[in-house]
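We call the chains A, B, C and D, going by the order they appear; numbering starts again at 1 in every chain.
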Amino acid sequence: MIKAGIIGSTGYAGQELVRILLGHKDAEIVWFGSHSYVDKDYSEVYGNMFNIVDAKCLDDNLDELSKQADVIFTATPQGYLAGVINDDILNNSKVIDLSADFRLKDTDVYEKWYKIEHQAKQYIGEAVYGLCELNRESIKGARLIANPGCYTTTSILSLYPLVREHMIDVETIVVDAKSGTSGAGRSAKLANLYCEVNESIKAYGVTTHRHTPEIEEQLGYAFNAGEKTDLFTVGQKALSAGNPGGNPLLINFTPHLVPMNRGILATCYAKLSGKYTYDDVKAAYDKYYKDEQFIRVLKKGVMPETRWVEGSNYVDINFVIDERTGRIVVCGALDNMVKGAAGQAVQNMNLIFGLPENEGLLMPPVFP
Amino acid sequence: MIKAGIIGSTGYAGQELVRILLGHKDAEIVWFGSHSYVDKDYSEVYGNMFNIVDAKCLDDNLDELSKQADVIFTATPQGYLAGVINDDILNNSKVIDLSADFRLKDTDVYEKWYKIEHQAKQYIGEAVYGLCELNRESIKGARLIANPGCYTTTSILSLYPLVREHMIDVETIVVDAKSGTSGAGRSAKLANLYCEVNESIKAYGVTTHRHTPEIEEQLGYAFNAGEKTDLFTVGQKALSAGNPGGNPLLINFTPHLVPMNRGILATCYAKLSGKYTYDDVKAAYDKYYKDEQFIRVLKKGVMPETRWVEGSNYVDINFVIDERTGRIVVCGALDNMVKGAAGQAVQNMNLIFGLPENEGLLMPPVFP
Amino acid sequence: MIKAGIIGSTGYAGQELVRILLGHKDAEIVWFGSHSYVDKDYSEVYGNMFNIVDAKCLDDNLDELSKQADVIFTATPQGYLAGVINDDILNNSKVIDLSADFRLKDTDVYEKWYKIEHQAKQYIGEAVYGLCELNRESIKGARLIANPGCYTTTSILSLYPLVREHMIDVETIVVDAKSGTSGAGRSAKLANLYCEVNESIKAYGVTTHRHTPEIEEQLGYAFNAGEKTDLFTVGQKALSAGNPGGNPLLINFTPHLVPMNRGILATCYAKLSGKYTYDDVKAAYDKYYKDEQFIRVLKKGVMPETRWVEGSNYVDINFVIDERTGRIVVCGALDNMVKGAAGQAVQNMNLIFGLPENEGLLMPPVFP
Amino acid sequence: MIKAGIIGSTGYAGQELVRILLGHKDAEIVWFGSHSYVDKDYSEVYGNMFNIVDAKCLDDNLDELSKQADVIFTATPQGYLAGVINDDILNNSKVIDLSADFRLKDTDVYEKWYKIEHQAKQYIGEAVYGLCELNRESIKGARLIANPGCYTTTSILSLYPLVREHMIDVETIVVDAKSGTSGAGRSAKLANLYCEVNESIKAYGVTTHRHTPEIEEQLGYAFNAGEKTDLFTVGQKALSAGNPGGNPLLINFTPHLVPMNRGILATCYAKLSGKYTYDDVKAAYDKYYKDEQFIRVLKKGVMPETRWVEGSNYVDINFVIDERTGRIVVCGALDNMVKGAAGQAVQNMNLIFGLPENEGLLMPPVFP
């Protein structure tokens, strides 16, 4: 039985980790960390866990926790983990970080977008970007996982085959993303009050959202990993040499806040780099995803809707080619709490510990 | 492995049965019945089941189904099951009926409230009312279960200990209930359109809702089952002799439509029959519920909220004594799709087949 | 042109006052008071007012404001107005108070339910309870109006004819009320976050909500004002002598939080005091309401829904007699921001200043 | 007093026309047309209008109506008006058509996108596209107005100054639009049920939505009307000669369904055609919009949110320049029922009849 500890277990993502781990055959939670609710019954903070979780919240103490736990999940603000991580912790436990601290390989980019100094650059190299379907083998041997962002997972998985196969002009990518409100976290802010969010939609962080460079870095790797065809050479012009991500591959990413609890839908646009048919593109998606249990490329003509993935670890993806404009429109949908956070974290845990990758993650989407 | 068939699998309750049975270790679905979608892929009707359910919808054919299935769930309109049930079916399969056909023992009452003639009165006697916590032993031996209504389950479980212990004046019961919109079903009616339901609340079926006599009958049994104290004698005056329900124990029941997908909250009011303290009443609830896994009597001062039970088989209950008015206010909350329909149906199946009662039903509530 | 000042103009009720007064022919706002946003553009706090309101928020200064304004609206926390009101203010301006400070005539009751000491008991006598349809004549001459609470307006208007005519047993009144979330105000509290309110319903303040004694006092007056029939004598037994409200007329009042922005629905239950028909009861409602523009007693069989009053000053009311139980069920619906707060405040202003009572209040309900 | 008739008054847009015209000083409704509800009280169909509208629904009869009305609004399905319009009608009454029948100048385009044959091509020439801010003078003399679509109004107004000034590369335009559910109309379809829409977001009509050619045609005019600079010549290459719209100017337009009643947000992306600063672009918007009452270009850094325009005739617009990618992101927000339909229709009526353009349209946005 894997002993798991959660730092930040009273945030929405932390609570979702609890929910998922409760259904996991081979893991048990030994530490419900919550700086804000120390000594309070966990089930007083989350009434759904009454009579299910019988534990009190513990303060953040990563050193102590690492002595008790085989794996530590940190669902914490940016900068926390980088400020406390050390070799002892990593030797004692696997660490799966749901914050952004180890997602970007270039600390300049990190510090520019997050506006905090990185306190643990020495671990950036070994940290594995935990997008399971793309980095499965690296994850298996890792002791530090940078669990991807919710918008990022949706955007990358939606575009990966097209970028990897050089089927789109990477300079033309626009990602227009829409998220449920749980993505905004559980802190008491006026902007997130019911009456402020309900019956409205807005863009936010326009041109400045922090998931942008994360998408760009990962799609840059995908581009570079593709075959060195002519298209690649063309594309390379748009990519700078010499930085870890092979970037700048630059995109426009615009997140929107939607009046619903869960779910992310990313609508992605790009110019096709050639005359591709539906079958050509479908073959590219099949090439990378046809054996992936959690990625569902939908039937022709059926576009993803967030309701069909709610509560589950699935990502639904589909595309339409617009012959009029020469663009492709790709939509990806997932549950930001599950595949966009806690579910993927557990998927990473499963990979690290050699368990079936889907253990604890087979709950079907809940509808309605 | 129990073979299960579902008639009406494309309604909301039917789909929830599918979701729950998919997580059940000892059951598999062999028949996805749907008169409206015959020959259509189930996952075209419910996109959440894409790549999970690989089956086509079959027409309603209870005779044929009973040859293939150990248990049949009928999530069908009133009157359907009573019109087709026969001995062969009941000999071949257990039948768990989510409609109202066999809930009321008095067919006059049935015909008056449902305005249809009952076609199978000969089976009313053997049908067991499947409120698992109250009728556990009878369910175990049954071949025909009348699965209770959603409002009914909430109301009865909220009031049962008080009625059974004669702690309230049964002539003063008012149940004001609120339901999410999935309770209205999946048929395309103007009144259930998004814009008609959203941003509004209304009462409906005032004084005429069909769950009223079901609550009355069951609470009547509870009352009669109580000790024959003076309070009982007083109460008896309000109860007619000679009908199966021991009624009329008459209540006011008012359902309301709430702009949310799932959940029922019943707020119940009654005069206390004596000077009871919090501890007295708590003791009564503990007497009946303290070993019940799916009934959570909350801590003093914490009132049920539907968000804390969503997606799960729990019923949350609590009460407040109002010394000013001599009344008690009891709130009960559950998920109308789970404990109010499909979850309880599976709980009944587990009891019938001698499985652990909670098999397949341990999913924690999903929040937010 | 009446000069109006608003203290607390950046709360939800304050902003609704702004919206309504902007459409009022004979009033202009001269003071946008907001302690929290002093010197900030009003339209930065409420983006809907961009290019409409060109004013900065001013600090709370009732003395100064009273020199500039003919009428002052205080949409402030309990205790504020009582702490600063004085003769000069009342001589300079009319004051319409949207808080509870002057609603209850009995300061013991006030201090018990609100748990604050009343600082201005000397003005309680002259304050007029501003439920326009019931106290129209007194309002006309008043200089201090206690604008009723939102739940209170709904509950009292729903039950008034029945209580006044002694058609119900006043000891049996239960009011089960449901409110949109704007009633919880605009302060940043975890419990009011989108994800906490959405997809849930709960009761709160069970047996302890502060609108309870306000309803009881006003219904007590109604009861005492009725004819001194036998029914009255019976009812009197339930009412104490010697306190200003003629109370205790005791009710059970339970508010619920509903996932919608606006609207209150009160579902009221009481035993009828005799054998009344629909026509009898309808006649009682007509007697008091048939000339009231803002009270709409709906057609037989049509129950109020909050969507039909949203954005307007209407109160919709209807009832059903339950012959089975001898009870009557009355529903009342209004918009808590309008007839439940700002609209009624403007209606009071119109009455005080001799304007047409409906000036500025004729906007039809907004649907959907 | 202008006599107005509405064909299709029981759809959502028709009902919004009723709401707005009720607040219009110089217009009265003489005909509540509704093929589906003939002879039914209008207030039975829309309970908000109880005691406000005392009229029965009349059948569709444009000939008869034109004898009684000065202006006819047709809020009808595509093809209806083209099938019945004639000279007598246009001589008797002004016609403001909320359907798409006369929006597109090229009937081939119409027939291709709408898949119905156009029955009244002879009136296409004289029909004026009723986007008031752009075609004000033409509207004044018109007898047939094609009232623009909701998505269209949002998209065109958001991009107009950029296209007209040739500040963006018109071949790179992507419009990602999000709409509340009232845009889907009031017919009883499964896809629009509360539980199907709530808690979900999806794209629909990807690459095929009918508002696409309408946006393209109008932006084409804007492009052609701009100065014949080098940029124009470059752009011209992308535009075909010889068709009325000067198109194909081709865009990607993707609508999304959002779980809210009202509101449209369009997020628009395009490559800037040069190095423009915030001030450059702001100057372009000011050039066309600074005197427009209903277009609010927000302050720098403040992006439109649909909640700030709900219930009003305002369009809120703002933009962000992304120096990294060389793109501009423009957001526009309006209420699809008002500026996107009924409000703009009334604005057109005001222009036609020489009334103040804002008469009846000054209601501030309703929040929350």
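The rule we apply is simple: a residue touches a chain if its C-beta (ideal position, glycine included) is under 8 Å from a C-beta of that chain, and two chains touch if they have at least 3 such contacts.
Quantities reported herein were computed from a predicted structural model and do not represent experimental measurements.
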Would you identify the chain whose Cα-based centre sits farthest away from the centre of chain C?
A
Larger contact count among B-D and C-D belongs to C-D
What's the distance between the Cα centroids of chain C and chain D, rounded to whole Å?
39
Gap in Å, rounded to a whole number, between the CA centres of chain D and chain B:
48
If a residue has to touch 2 or more other chains to count, which residues of chain A qualify?
12, 182, 195-196, 198-199, 259-262, 305, 307-308, 310, 368
Per the contact definition, I'd like the list of chain D residues that touch chain C in the complex.
12, 15, 18-19, 22-23, 46-52, 182, 199, 261-262, 293, 296, 298, 302, 305, 307-312, 314, 316, 362-368
Enumerate the contact residues on chain D facing chain A in the complex.
172, 174, 176, 178, 180, 195-196, 198-204, 206-207, 248, 250-252, 254, 256, 258-263, 265, 267, 269, 303-308, 310, 320-322, 324-325, 327, 329, 331, 333, 368
Which chain D residues qualify as touching chain B in the complex?
12, 181-182, 184, 186-190, 192-199, 259-261
